[in-house]
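Chain lettering (A, B, C, D and E) follows the sequence in which the chains are written, and residue indices restart at 1 in each chain.
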Amino acid sequence: MEDNIIIDLKNISVSFDGQTILNNLSLYIRDKEFITFLGPSGCGKTTTLRIIAGFLEPDSGEIIFEGKKMNGVPPHKRQVNTIFQRYALFPHLNVYENIAFGLRLKKARPDEIKQTVDEMLELVNLKGFEKRNVNSLSGGQQQRVAIARALAVKPRVLLLDEPLGALDLKLRKDMQVELKKIQQAMGITFIYVTHDQEEALSMSDTIVVMDNGVIQQIGTPTGIYNEPKNAFVADFIGESNILDGIMRSDFNVEFAGIRFKCVDKGFARNELVDVVIRPEDVDVVPLEQAMLKGEVTSVTFKGVHYEIIVDIKGFKWMIQSTDFQEVGDTIGIFIKPEEIQIMKKSQYSGKFGDYSSFSEEFDELSQLGESEEGAE
Amino acid sequence: MEDNIIIDLKNISVSFDGQTILNNLSLYIRDKEFITFLGPSGCGKTTTLRIIAGFLEPDSGEIIFEGKKMNGVPPHKRQVNTIFQRYALFPHLNVYENIAFGLRLKKARPDEIKQTVDEMLELVNLKGFEKRNVNSLSGGQQQRVAIARALAVKPRVLLLDEPLGALDLKLRKDMQVELKKIQQAMGITFIYVTHDQEEALSMSDTIVVMDNGVIQQIGTPTGIYNEPKNAFVADFIGESNILDGIMRSDFNVEFAGIRFKCVDKGFARNELVDVVIRPEDVDVVPLEQAMLKGEVTSVTFKGVHYEIIVDIKGFKWMIQSTDFQEVGDTIGIFIKPEEIQIMKKSQYSGKFGDYSSFSEEFDELSQLGESEEGAE
Amino acid sequence: MNTSSRASGLINAPYTAWAMIFIIAPLGMVAYFAFTDRAGNFTIANILSLNNYLEAFLRSILFALIATIICLLIAYPLAYILSKSKANLQRNVILLIMIPMWMNFLIRTYSWITILSNNGIINSILSYFGVGPLRMINTSGAVILGMVYNFLPYMILPIYSIMSRLDNNLVEAASDLGASSSQVLRKVIFPLSLPGVISGITMVFVPSVSTFYISQKLGGGKMLLIGDLIEIQFQSAYNYNLGASLSLVLMVLIIICMAVMNKFAYDEGELII
Amino acid sequence: CKGADSGSMIEGLDTSKLIGEYTKELAGAKLNVFNWGEYISDGSEGSLDVNAAFEKLTGIDVNYSNYDTNEALYTKLSGGGASYDIIVPSDYMIERLINEGMVQKPDLSKIPNYKYIPEEFKNLYFDKNNEYSIPYTNGMVGLIYNKTMVEEAPKSWSSLWDSKYSGKILMFNNSRDSFGIALYLLGIDVNTASQAQWEACAEKLKEQKQYLQRYVMDEVFDLMESGEAALAPYYAGDCISMIENNPDLALVYPNEGTNIFVDSFCIPKSTQNVEAALLYINFMLEPEIALANAEFICYACPHTAVLADERYSLRDNEALYPKKKVKAEYFHNLDRDTLDLLARLWEDVKLY
Amino acid sequence: MKIHSKIYMALIMLFLYAPIIVMVVFSFNSSNSTGVMVGFSIKWYGELFNSSSILNALKNTIVLALCSSVISVIIGTLAAVGIFMLKRKWLKSSILTVTNIPMMNPDIVTGVSMMLLFVFVGQMLGMREVLGFGTLLIAHITFNLPYVILSVLPKLRQTDPHLSEAAQDLGCTPFKAFFKVVLPTITTGIVTGFIMAFTLSLDDFIISYFTSGPEYQTLPILIFSMTKRRVTPDIYALSSLIFVVILVLLLIMNITQSRAENKSKKLRTKEGY
């Protein structure tokens, strides 16, 4: 597999104004792969893309493109193209000219240009829009022009920085399918950035979860969802109940005051661990079959399922179930051994995964929102 | 229940430039209710709110507030307050003064004002932000100031026009909980506008689904989700497989070439109907137990479940299942009678609910995006 | 990083040099002349002698202030009415307001003499009704009128431009919270239009306080303003040092006024034109 | 006079009547002429455009600009920003410029037309040896009044202080002439060095201010001609123009005495173009040109050929060439301190 | 609109246009007075075209305005880009403050200060004649620059910072990216800046008054020296002609603009926006 690695980042570090933004980041990307950077706002996703595209030189570390070191090569000499967060279409050029821009710079022959642009328009389903002003296009259409423009120069690698961030839910879902199709049809490596976990899960071959400039986990969508490495990843990829546990022995974990069977091993005896249980993996069962019992404190209808908060010994669990429960009722729950995920303690332990109150997390988030604004 | 109706809209019609925006809309709203207007962009949600608030006089129809006709009463004399789509905070006033604005107009005593504002700040969790410039607040905080400002004048009814539209997903979820809490704590009628179906489902007591200025369905979240009145509602509220069916007799419907038991009755014999089956209600079963069989054409991992598209006799079904299926495999499905929802044919029949190709819907959607932009 | 900062340095160099030589250095020259005598020796006599001209300063400020207030009183309602009227009308009226600004102001001011003279147009009309003649030309009133006339558009335009951009949602929000239309005007529209008002005040006050042409033509040379004094020093009395110190004080005065004014504007926006 | 039909009698320039030689030798040179307003025949209303004629003849490019007081001339000249090749200051200013070394001695041999200058205009006090200046015009300050508004011909400058004419009185907008009038009125030597006396004049002028319509220089034309004002002191030549335009006006020389002045061509030290300047001056003294200018400006003309010329319409004008002796004095240059005092007092008056 | 608003607007328009009406009327006076209308004649329009000084001044004014606005647009655009690229906040804000000086400072102080500098430098270099076209040009560029910069800067702020990167991404060098992508998107700002600079320069009197020499007189300076003597109706004739030209230009612009708007509106409704 080594031979088809197209981009290799080695020990990349970046800091701005003395603040470390990327911290010793290493990563390789395979040819024709759909790889997604996923992480909260400000974690360094865009920065990583900008390093690959050449808009930013890392303070240290190497960028290797097909075995050749690329540090110092300016953006216009890299076989890498970018689709920017807000498309960055040229407002003074029409759709056709936007797409032809890169080709004209390469001094391609007029008929060649015409042919390529037509192909691209076909590909993104925008035939007949050639003469349109790009500002008169809808968000989705602009998005497709941006894709066509980048693809027209036949890049080896396409970088996409939250390309769907500005679209509304429904259009977004459709564009996800469309993008994936294009990637497969053209056989190009896609490096995709998002902070939407569902998007990452449904599109990627590989997901890179980042936080604070550090890669938290790299893996396939299912791998990351089902076996998160730490509380941060667990919480960021979907809702999770994260409890303090003690590994009593291999395949034996104690949490919520009870011992459970599990499928993990290799921990020290009595090692403190984080236990992750996904809300959809908790089954509501008659009280007599229950492993744990608790009182329902809130029930919200979400369409596909109800979101039920259950207070079990002071810890609020989130359970997703298609069956309605009455607030105040006592219910029993059952968890299969294979649904219990054990993780080593990390800096993130204790920060996530309790549904007792939204307000703390909420304030953290609004602080975040603020600093984000400040950064603009 | 009649006695606690607070607002009654009777046969409201509005048109702009000869185009009908609201068409004979009638609706009553109960005191202390959380009612949500849900519908696609441009369907007339904001227009309805503006009529209730008094910013717009309907061409015909009556607005009745606690039995008194309100047509012609200017906004500042109505006991109704609005939280605007983009908050509309006063940029020249700080947080405290924004909240105190309405009270000062009422010539409340200074100590009274101070007390109320403090209460409100407490309520929206913004103590200590009194002196802050509103432009320096994050989106979520501005949102809460807008709520506090509206609540400070103790309205009987609060109108909220997509208050969470500008927030990102995580903050949005938390604010939903927060808003619901506030509504319950204050005992105020909330009239809420959104085009996000999940938001509507998880917050509302009553949902009003609108399209093209016409109310499509009014009901509780579960009522609307589980028993949509027509294909538009079914599709708008969550994913759905919508098939053409024939009602062979009461409790007996034929679709996909097979007769199914169902729980609906009251249709004419052999009446053509729309059949709705939610993706999560389709069970994948071993082939020998299957009611229908088909080939898997695509599988997407979504975290909580896989989204599986199955081709059954040319119709592409969407199925949500926690179990992975291989593309190309033939699988069998089973549908319980109570999961089959029968709807009368309507103008929307045949427009939604087939997953055979995104591209048509996609183009329709991008047209929509366009018109949305034009309207701005 | 490095290359971009070098590039920006390179691009900035010509303008920075220009600004240094032709903006900063001239002000330095003013200061230099203000603090030297004819022979080039350091002295503060020029500055000290300025108290002879206190009256001229006060008069200039008073006139400019009155003119500014009148402009504000005329312009604000106009801008308000305009911002609420039809788009087409707005555009046409703004155009009409701007056209005179394109005409030479010396000529336009001079024309006022014909209108205001004892035998002028207004007095002819008045005499037709058996009134007058009123003494208008060569009075303080005429000077202030000249200021108002010349600088009124500079008051109207910024106020109008800010009002026309005012978010209508804010107006609705205020009335939603119980404000009647007059309260909306006082509590929301006025405070929000303040940056425009401030910009307008600046753009009227500064040229008014320093004008010399208007006072010469419409005031008959009987009321010297600071502008006149400066002009005299440089154009007929040949006392550059005194002229420079007058200029210096005028400049400082205006900087102080502007600093105070800007305190009242809640956002430090760019100049609104 | 300008604006009157008499001006149109010289329509073109008959070069054969010129005495000096005008070649294109200096073609392309620039000549900055700095003169009083309306102090040359400029081609308006059919008169001869003297500068254009000169340019055409010699190919020299004349930049003609104006000043309105001797003091403004001095400021521009000493400011250093601009250089002028020909200026036309009045007597006392010539004295000052000579004292301060700002003008040079022209080579009179290059100005053959100098011969037309009458003897009485040679060797005047400010240029005792005729080294620096060549007379252009001369005149006196008179009191012009509107007969319909002023019943009896005023005999004294004091009528400018008469409350009867409040609001209808104009006054010089330059310090020397204004103070001059006050000095005559108060019977003080117009060239006094006494601070107290100057201050007394300032008081007098302040007293006058309440009756004044405005301070004027050349704005006087419109105001007097249209009847906007009743009384004004002004230079006799200009008064004659006004009278021509409005026959209700009349001129008197007050009994207290008045100022007599000569405006002469001078060449500043800083000039870059002496040859062209000399040529220009000589051209201006050509009988034909001098006549055109005299007709246009209406000032008295110190030029023997013009005075002898029958075409000269103003030859017998009483105001310009009074038969009866008028009590008149030249202004002299004042010393620096007095000049500063005068400037300050004048500002005081204007600020009052 | 209510009737009293209409009257109010009409009164203000009357106020703004009264002197212009006077000017136009008296340009047809048969006498040379600008105070008394004697009879109708168009002779002053003829005089105008015979008056070499007026025509020359007109030519000078236009040449100066063109040169100064073109140069200030070039320097100003470059400066705006440079300022925009500056990272260090204090440097940025101090450059902007300096830029604001010629706008905030009274014209008379700007004019005087530049004149002092020119004269001083002229004397140092032993030049007899500094004031002239060169100094006028410098002065005009200097007071035009802030207007150019402040109309280009906001456009730069509005442009997507990624545009230039996108162009580089597609194969442009940074330099090429600026000309191919950034410059076209800020053209409206540049054009606004140019128009402002041009009109300001056309109409400037005070600064020109102090920085011009005898050999290069602009129209405002000529008019000023005329108003010191007697304003003859030929200058009114010129102003009336200018007025008519402006009026016609603006009318054409207005009509084409509203045509374009109607067209795009129609287009939109057709396409079903």
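Quick note on the criterion: a contact is a pair of C-beta atoms (placed from the backbone, for glycine too) under 8 Å apart; a residue touches a chain by one contact, two chains touch by 3 or more.
These numbers come from a predicted model, not from an experiment.
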Remark   = Maximum distance between Cα centroids and subunit A occurs for chain D
Request  = State the pair with the higher C-beta contact count; candidates are C-D and D-E.
outcome  = D-E
Ask   = Measuring between mean CA coordinates, which chain is farthest from subunit B?
value = D
Ask   = Rounded to the nearest whole Å, what is the centre-to-centre distance of subunit D and subunit E, using the mean of the C-alpha atoms as each centre?
value = 38
Query = Rounded to the nearest whole Å, what is the centre-to-centre distance of subunit B and subunit D, using the mean of the C-alpha atoms as each centre?
reply = 91
Message = Using Cα averages as centroids, what's the distance between subunit B and subunit E in whole Å?
response = 55
Task = Could you check subunit B for residues that touch two or more other chains and list them?
result = 370
Ask   = Touching two or more other chains, which residues of subunit C qualify?
value = 117, 119, 234, 240
Ask   = At which residue positions does subunit D touch at least two other chains?
value = 79, 226, 228
Note = Given the complex, residues on subunit C that touch subunit B span 167, 169-170, 172-180, 183, 187-188, 191-192, 194, 266-267
Ask   = Any idea which subunit A residues touch subunit E in the complex?
value = 53, 55, 74-76, 80-82, 84-86, 88-92, 101-102, 105-106, 149-150, 153
Task = Please give the residue numbers of subunit D that touch subunit E in the complex, ascending.
result = 3, 30, 32, 34, 37-38, 42-45, 49, 52, 63-66, 68, 79-84, 217-219, 221-222, 225-226, 228, 270, 272
Task = Mind listing the subunit D positions that touch subunit C in their complex?
result = 69, 71-72, 74-76, 78-79, 167, 173-174, 209, 212-216, 226-228, 343-344, 347-348, 350-351
Request  = Could you please specify the touching residues of subunit B with respect to subunit A in the complex?
outcome  = 125, 137-141, 167-171, 174-175, 177-178, 195-198, 201-202, 221-222, 225, 237-238, 278, 280, 300-305, 307, 320, 322, 324, 358-359, 361-363, 365-370, 372-373
